[in-house]
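Please see the structure below; I have some questions.
Chain naming follows the written order as A, B, C and D, and within any one chain the residues start at number 1.
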Amino acid sequence: MTAPNGKKPKFAMYWAASCGGCEIAVLNIHEKILDVDANFEVVFWPVAMDAKYKDVEAMEDGSILLTLFNGGIRNDENEHIARLLRRKSQILVAFGSCACEGCIPGLANFSPAGEIVHTAFNTVSTDNPHQIYPRTSFDVPEGEITIPKIYPTLRTLDQVVDVDYYMPGCPPESHQIAAVIDLVIQVLQGKAELPPKGATIGAGDSTVCDECTRKRNVKTIKSFHRIYDLDIDPELCLLEQGIPCNGPATRSGCNARCVSAGAQCIGCYGPAEGVVDYGARLIAAFASVIDSNDPEEIEAILDGIPDPAGQFYRFNLAGSLLKAAKPAWEKA
Amino acid sequence: MTKHNGSKPEVQERIGVYVCHCGTNIAGTVDVVQVAEWAASRLKTRGVVIARDYKFMCSSLGQELIEKDIKELGLTRVVVAACSPHLHEKTFRTACARAGLNPFLCEMVSIREQVSWVHTDKEAATIKSQAAVSGGVERVIHHEALEPLTVPINPATLVVGGGIAGIQATLEIADAGHHVYMVEREPSIGGHMAQFDKTFPTLDCAACILTPKMVDVGGHPNVTLMTWSEVEKVEGYVGNFSVTVRKKARHVKTEDCTGCGICQEKCPKKVIDEIYEAGLGYRKAIYTPFPQAVPRFPVMDVDNCIYFEKGTCKACEKFCPTNAINFDQQDEIVTLEVGNIILATGYDIFDARRVSNYGYGRLANVFTSLEMERLTNAAGPTNGNIVLRDGKTVPEAVGIIHCVGSRDRNFNNHCSVICCMQSLKFAHMVHERTGAIVYNFYIDMRTPFKDYDEFYQRVMEEGTLFVRGKVAEVTDATRLPGEEGKLIIQVEDTLAGKQRRIPVDMVVLSVGLQPRQDSNETAKLFGISCSANGWFIEKHPKLDPVATMTEGIYIAGCAQGPKDIPASVSQGAAAAARVLGKIEQKEMALEPVRASVIEEKCSGCRICNDLCPFNAITFHEDRMVTEINAALCQGCGTCVAACPAGAIYGTGFNNEQVLAQIEGLLLLNVGDEPVPA
Amino acid sequence: MAKYLFYPGCSMESSAKAYSDSLMAVAGPIGLELEEVEDWNCCGATEYLGISLTPAYALISRNLALASKQANGNRTVVAPCSACYLNLAKADYYMQEQPKLGVMVNEALKAGGLSYKPGTLSIRHLLDVMVYDIGLDTIKSKVVRPLTGLRVAPYLGCMVPRPDYENRWSDHEYPIELDLLLNALGAEVIDFPLKTHCCGGHMPHIGPDTAFELIRRLISSAATYETDIMATLCPMCQMNLDAYQGETNRHFGTNYHMPVVFFTQLMGLAFGLDPKDIGFGSELVSARKALNKVGLEAPELVEAAPARPRKAEGLPMPRPLPTRGPQRAKKDEVAK
Amino acid sequence: MNNNEIFEPTIIGFTCNWCSYRAADLAGTARIKYPPNIRLIRLMCSGRLDPTFVFKALASGADGVMITGCHPGECHYLEQNYKALRRFHLIRRTLKGFGVEPGRVKLVWASAAEGAKFASETAVFIEEIRALGPLHWGKSNGYTPFGGKPPEFEPAPESPEEVPA
């Protein structure tokens, strides 16, 4: 883990199918960014500096020590750069929920790519009388110009390349990013060991309830509600009040930021350690504590969660076992 | 983090696959040789080092095959594709243990009950067997060595129900030197047998052979007898049950009462005795059901006692020589710690009023068999004289109808076993005591056991007239001359081949046996299950009739199904033998299939706290963490599936094993076709 | 105001006019609103089903089709006559049980532009509606002139309680609904043993002596308990017992005089209506003597008639089953 | 799936050790025949059924999942099949969100004595799934699962020249 010829080790950051929030979160570590600058030589960071793909292609393989890759793999450009950065980096970190689980962009997996393009280019908000749609390649006098082709479904980073570490969160909490940066610096100085490959860093090892300060009793749920339907008791666990809070199944590490602000956890830190399917955990948990044994009554109670697929897979659709809805891949 | 990519890690386990022919049971439909070869070649990458097929895997030779391979090839896992694990899982696990391999590293795959016996298409059955073997192999990779959990067995036993089956079980255990708690709902033990006059086929007097046993139970040093009591709650598991019993207030101080019976004489309030006298006789508001009652202490019937109604009378208190009467005695709750429980809760008789065309309850001289038992009983309301409902006239013609409410789709489908012999007994008694003409109306005469048929022939010789046919109607609407004032039995005499109208003075309905009215609640209370109509379900109808699916809970007598007294007695003794077997073991190895909480992962969200009916899950407020009591946990796995953080681990059925089995069953990790050499 | 679709049936307009007059008279006070099914046709009584099934069921189902079209909310069809009730109920039940029959019947109905989807209607007998919907208390509250002292034998005939598809009656062999109703009217109700035995139906035309024997059994059994009047709810039973009582007397050389009327006529009497308006006088075996027993303010003392031997001092009788109402208990009931 | 014309579905069945597994065994001892398309997994109780297992089965190639257990009220562990019932309802609703026909997952109660019922319910379910057709999660006309070769995606037929000025 030594940097080549004593110079500062190279650091790269890339954003694929994402919102750029993770980039902002990195800047959110305030003066810690100076440590980054002090210890790393930032060679590739599209949002922050003007580096070209060919600069990266020119680097030797493995020359970048640490790459924080955020965003899912939506089109062939994302895939190309993901494979490129994998070749060029020693440590590739799936940074943020999009890279780890697909996150909000991953929700596109509920509908076929054709519908997405149609919604983007020919709906109420977009006046397109002549049905003009983008063409992935087009001949002009100067030659052929292309734009990236989108895949039928969005994939997470580790469904495309081998990933060393995962940093969940949408975006990862700045104090967690700072902690990871410190860890890597200490590793560089030989003061610390890198965690085992494939580990999740920058997050806790339990679930949000561990850090939540609300009072908790035995759970028996009579009905589910939206949070604005009720006046919420600030002290009592939200789930007991009938609000479908994803906290029990979501990895800790964010200090229960949303719940302490009075909103229900929606699961951005992804599943706890070793869990195969995040949504399944919530389905099992919520269903088991429904207070009814009568099928009609159960159905009535479940009407309180109008969109279970969206509720349970808001951040982890692409990373779930089913990965995408049938329409999305059926007609691909 | 949900890891998605990466091929399957190289398997280090060395797995042996054994496919059984089971004679032709499996080999007849499944190409077992081909399945073994397939496993050897296509599952090599999954760790299969040896795959054999053998005629009878469960035979000692078959087991030796496994043991030899474990020793010589250093197998770390064994998969046996044969019959159902419910039959031979234990056999193959012990075989592995003999060869030094932890028994829980052996997995059975059912390709007989669930493949060869239920499918006809040979090719599809072979493919399905391959999938099942692949599922077994993938699952067994994730098996861990487990040690059974041993729990001590409390030598005390609880017997519920004081009928003949319960009495027999109690005496067997108590005589063997172990303590028995007997709980009986009625004021005295004795059950239905105490109501009978004679028993078939020996015509022994029921009381004469029963009361000595009752007295033994009453006075036995190892028996705590709790009559007029009911079990309210059962917690715990085999070897360590804690049972809450409600001892209803007798309003009599048992330490002072001598059973002299003066209070019964002096009590002014007479009430119809629905239970013991079957509605034919009377008892007082303070009563013992019958003279030879054990225990002999009377019980105050608060619903009918004048003191409780109007606050006056108190005759019993005045005349009691040892002033043992205590009007404001309260119910008492007792908790018993026992190792095993025997349920001998008996049966109810069929309510004859439901057969409206036999007129019971409308026509005066129609009696049920239990009423007939009281009529013929010397201690009964008519001192043993068989008379009509007016209590005076002796009948000249008696009709006894078999199978009332039994073997009848409208009521009870089952045959109640005892009504034929009981009816023959009545026929004999009527001949003996009244000389009346007796007709027996039967559809099939069932006299299966020792000396039963001889008794039937004797009754025939005494001149009983047998009419083979299902009685259509008992009516008092006369039609032909000579029927006035008589009950007319309308029946099709199938042997004579014509309809007959037989006038008689008295009709006895041999009503069938059926499960207790509350057998479902009782079953739920003890955690066992009931059949559709309400009999307790035994572990195996033919090979294990006194045990139940729940370890430590046994059943005996008519609670398990209709039977006669000898069968009830032998089941009582059998259940006692099983309990003594458990007590002898001193401790018991429980299946290690349990759930356990991984503390660091548990966030204390308390979703699981309310999911365990065995209250094995407890929450620690201080550490905000949940813990599972391994001894109480029955291993159902509901909390394992429900935990949102995946913080509860289920041995024997953990997630990796089941997910791997799914992949195996869908043949995901099968190696590619071997290149033909 | 309970609203029902009403299927009168042919007898109500001819031989059972008394039944119709008395029903219309008592319906008002007890709030029974009957809306007649337009253009209904004969139900085939007991004969047609015996001749050929599909045309018979088609004939019956035409009424069901008309009624379901006219259902507008209430889907209960009330039939006062046992044969009509049984045929309508049987048609609906068998069409549900055997879809092929439903198809053939609907094919036939298509000719008249009608169709009937089995199961849409609930077919009930008038007595069932009177006892369980209107209720005995409502009836009791309307009684002005209780029929005290009048010994009435309740006779249901064999078609009403069997086969009881929807478990509407308290018992197949010994239903007690009619007993309860007559009791509510204040009459002295006989525990009539042959209450569901057959009256001969259409046998008088085919095998007269069988019919006469069946009629004799009913009349003689009622007579043994000195019944003043028999109450029935089926035009066919009334006609057989009433019209053929004379011939039965001649056939057996007996001279029974047992008036047979409809239970709605007795309701009319109890409600204080004038006997003429509720069909009295149209019966062949005159009911004048029974009327005198009720008509007179104070009926003269009658020495106790021999009741059916029930109460014996010696041994206590078992308690009867609690009245169960229409739904029969799956398991037997232990009276608490 | 063999590629002749009739579609042979593959179904994963979850059984509970005390009731439905014994019902399957009883169907065997009674030699009651039913189609071979179902492959059974034994759990200790229907309460052990984790929705993950259902999604894993559907995602790995099963065309249908049958969940079986003791009749409500007859559970060997007293009441755990009620939790399976509740989860089943939420699983079906969630699958609807994934575009999966709810009919692909079925819940059947079968006691240890109902071998015949288990066999007939299985046969009926296999026909229901055969009617629904193959699921083949993620695979469509040879396309490698979830990504791989990007499709030729040309939604727009006409070229910009035809756009009027």
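Keep in mind that, in the parts below, a contact is a pair of C-beta atoms (placed from the backbone, for glycine too) under 8 Å apart; a residue touches a chain by one contact, two chains touch by 3 or more.
Quick caveat, the model's predicted, so the values are computed rather than measured.
Farthest from chain B in terms of Cα centroid separation is A. Annotation: A-D is the more contact-rich of the chain pairs A-D and A-B, by number of C-beta pairs in contact. Rounded to whole angstrom, the centroid-to-centroid distance between chain A and chain D, based on C-alpha atoms, equals 30 Å. Separating the centre of chain A from that of chain C, both taken as means of CA atoms, is a distance of 77 Å. Note: centroid distance chain A to chain B, computed from Cα atoms, is 56 Å. Inter-chain spacing, taken between the CA centroids of chain B and chain D, is 36 Å. Residue positions of chain B touching 2 or more other chains: 611, 638, 641-642, 655, 659. Annotation for chain A: residues 159-160, 276-277, 281, 284, 288, 320 touch two or more other chains. The multi-chain contact residues of chain D, meaning those touching 2 or more other chains, are 50, 52, 56, 79, 83, 87.
Taken chain by chain, the contacts fit none of the simple shapes, being neither an open path, a ring, a star, nor a full set of pairwise contacts. Those residues of chain D lying in contact with chain B across their complex are 8, 10, 12, 18, 21-22, 24-25, 27-29, 31-36, 39-45, 47-50, 52-53, 56-57, 60-62, 70, 73-74, 76-80, 83, 87, 112-113, 119.
The touching residues of chain A, when paired with chain D in their complex, are 73, 75-76, 79, 110, 113-114, 117-118, 130-136, 149-153, 155, 159-160, 276-277, 279-281, 283-284, 286-288, 290, 292-293, 295, 298-299, 302, 305, 307-310, 312, 320-332. Of all the residues in chain B, the ones that touch chain C in their complex are 272, 279-280, 282, 350-351, 353-354, 356-357, 360-362, 364, 381-382, 387-392, 473, 475-479, 485, 517.
Taken together, the chain B residues at the contact with chain D in this complex read 84-86, 110, 112-115, 117-121, 124-125, 127-128, 131-132, 135, 524, 527, 529-531, 537, 549-550, 593, 611, 613-614, 634-638, 640-642, 650, 652-653, 655, 658-659, 661-663, 665-666, 668. Listed in rising order, the residues of chain A touching chain B in the complex are 100-101, 156, 158-163, 166, 168, 198-200, 205-210, 216-220, 239, 247-249, 252, 270-278, 281-282, 284-285, 288-289, 316, 319-320.
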